[in-house]
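Two complexes, one shared chain (chain A), two partners (chain B, chain C).
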Partner chain A sequence: MAAGLHISISAERLLTLGGLNITNSMFTSVLVSLLLISFAIITKFKLKNVSKPTVIQNFAEMIVEALHGLVHGVTGDLKRTRLFFPFISTFFLVIILNNWLGLIPGVGTIKLLVNEEAAKVEEVSQTEKASDHSNVLVDSVQASEAVATEEAITLETEEATQEETPSEHSGPVAVPIFRPGTADINTTISLALISIIVTQIFGVKYLKFGYFKKFINFSSPIMFFVGILELISEFAKIISFAFRLFGNIFAGEVLLVVMAFLFPVILPMPFYGLELFVGFIQALVFSMLTLVFFNMATISHEEH
Partner chain B sequence: MDIQLTQILFQIINFSVVLGALTFLLYKPVIKIFDERALRIEEGQKAAELAIKTKDELDKEKKKAENEHKKERAKIINDAQEEAKQRAQEIISTARKETKEEQAKLLGGWKEEKTQLIKEAKSEMTDAIIAISAKVIGKTLDTKAQQKLIDEEINLIIKNL
Partner chain C sequence: MSTEFAVAFVMGVGTIGPGIGIGLLVAAGLEAIGRNPEAASKIQTNMILGIAFAEALAIYALVISLILRFVN
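Moving on, here comes the complex of A and B:
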């Protein structure tokens, strides 16, 4: 039983290119990007303004129309819709594809043998970062319970690492090639950063320097305090965005792995359905929250 | 958790590339098509509205023309009927007049002819009676007396006719 279960809270390194560690989540993210870009290129060449569009054009129009309608429903202003739409749509498509790619059967089981040196480097880096036990290779069902809280994960990781270290690094380590990009905290942090930075840019674009009144306001002591809270909330948004998405998707991954480990036939099926739904909802939540933040940043206090 | 700045930067660049590619290859062309389609639909709607308006106007004009034609037709028929009546009366009165004239003319001619015929008959009968009476009685009667007697007899005959 202990041999099959493989859960790692952080993305695992596949190879190093020019000093950059290529992890399995990066690989999957690039794959998703290539898929999206390929679809966009095919659509671009198939697009024709005719009364009977092709299947691909219909599909592209369906997606764009639905997302455009969603954005326009919130902004209610065509100029804002056209400005926000590319960001919101790209967030949605990138996140949903990353979420769903992890559900394709075989994605977690196609593995690459990474040499011992790489694994050792990994181990050293983990030992140096005493407080940061990111790579978890758990050969026990108990690890699934550890997903519930970060503290629990850390404790289980310490135990697991202590138990498994001698056998684990004795030879090449099998690492899954694919891992959903959104199941990696680095991806979700980068998405959250983009969302918040672009929100500030749009705020300044629409309200000029008046946008900063939200954060720095000396009109009254209360407003000054509110400004500080607003400033803190901007940083809180990054954490909230990143950990919500990462937590939901990673938890789903763990749930599926554990269910498949306990009973590989039939039992995981409802959970796959659930994860499909969660993947969609998380993409929608991220996109909608970003859209609301964009919209709020571009509306002045008086207008609001 | 292993938070690495290089990976975050990589993901930001990756997202930016996808954003740019999708914006220029997917969103803009599709939205352009939507706009063109919306414009075409709007133009179509305007043309349809204009066509409906024109049709309504034409219908109104047609109805107006029909009404005018109806009135004109009725007027023409009335006039024609009036004229026909008048003409008929004229024809009838002319015919009556002509008939009366013809009748009077014929009657005048007939009377004259009758008088002439009677005169001739009287003369022939007188001659015949004179000849017969001369043969019967063996003498010739006085012409005036004979004439008077004959005239009386003939008038009696004519009266009895």
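Moving on, here comes the complex of A and C:
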């Protein structure tokens, strides 16, 4: 059953450039960045102070106004809004474009043949182990019909379902060229790390050393333990940020693949609508939470 | 067999809490809209944000089960 589906929880290698493995999600993230940068540059040259702006200027102004309103509604202070706005809007645009890119037809289905032996420097032993099975596994369907010792079949199918990694074949492996960046745990963890580190920087910028009073406080035993909890919750935030985004987008990908596998004609359509909605909501949740954490870090406990 | 059981168990147990949470959220949201229909759009936005947070817990369980299923 699982043999017909291509589901990989980690991003897959497309090519190796000087020891650096370029995965399909990295490729797609760079594509998204180029798209955003070129949109920004084109908009900058099209900007004119006229009463009837062009379509592209209208669109850009709509996005900027909506995001500015969102940030200003939480901070309520123009100085903070100016400081937070670039981070929040970048998070939002990058995440939403990455999420929605996964819904374009062709993403995940257009594949590239990658030679598996050429690379995977650090996983040599694992590849070898896998390629031992490979001859059996490739022909497992035909072999099981012809030879048909019952134990052998069950053993092979078990192996086939367990080893969903691309390294199960020894020859070239078909790897999807595009994979949405947010469906890769590395991307979401790095986004979460940026969010949390910038939170600390803003906290120190606004409250100076008073910011660390939140974590280390000897005024009373209760405050001391509250400080430890605050410290732990900073690390828990990274994990919850990363897994919320990754889980939602990756689960959406799996859902669409499974639905298309079960009945490919009408059935996946409502799920595409659902995934459009989920992609928007997750981008909003990520940027909204980041905004609230920024705002909380810059307000001292004496003020409120 | 044991992996399949673990996957099914994680999903089954992990969706109980978020299910109750989303139910409570929507119940409270609808009640608030019923009391004050003019604020429907504002309530709806915040309700959906809250649902996304509750849903995230089920998504954590889903991630764990996917890892169990597809990573050896």
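Keep in mind that, in the parts below, the second predicted complex is superposed on the first by the 249 of 304 C-alpha atoms of A that agree within 3 Å, B and C clash if a C-alpha of one lies under 4 Å from a C-alpha of the other, contacts with A are read in each partner's own complex, and residues count from 1 in each chain.
Convention: a residue touches a chain if its C-beta (ideal position, glycine included) is under 8 Å from a C-beta of that chain, and two chains touch if they have at least 3 such contacts.
In this text the structure is predicted, and so the values were computed from the model without any measurement.
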Which of chain B and chain C A:9 touches, first, second, both or neither: both
Partner chain in contact with A:37 - chain B first, chain C second, else both or neither: first
Touching partner for A:291 - first (chain B), second (chain C), both, neither: neither
Contacts of A:254 with chain B and chain C, given as first, second, both or neither: second
Contacts of A:173 with chain B and chain C, given as first, second, both or neither: neither
Chain C versus chain B, contacts on chain A by residue: B
Chain B versus chain C as contact partner of A:190, first or second or both or neither: first
Touching partner for A:244 - first (chain B), second (chain C), both, neither: second
Chain A residues contacted in one complex by chain B, in the other by chain C: 9-10
Residues of chain A touching chain B in the complex: 9-11, 20-21, 23, 26, 29-30, 33, 36-37, 39-41, 43-44, 47, 49, 60-61, 64-65, 68, 82, 85-87, 89-90, 93-94, 132, 134-135, 150, 181, 184-187, 189-191, 193-194
Complex contacts: residues of chain A adjacent to chain C: 7-10, 162-165, 240, 243-244, 246-248, 250-251, 254, 281-282, 284-285, 288
Chain A-touching residues of chain C, taken from the complex the two chains share: 48-49, 52-53, 55-56, 59-60, 62-63, 66-67, 70-72
Chain A-facing residues of chain B, complex: 1-4, 6-12, 14-19, 21-23, 25-27, 29-31, 33-34, 36-37
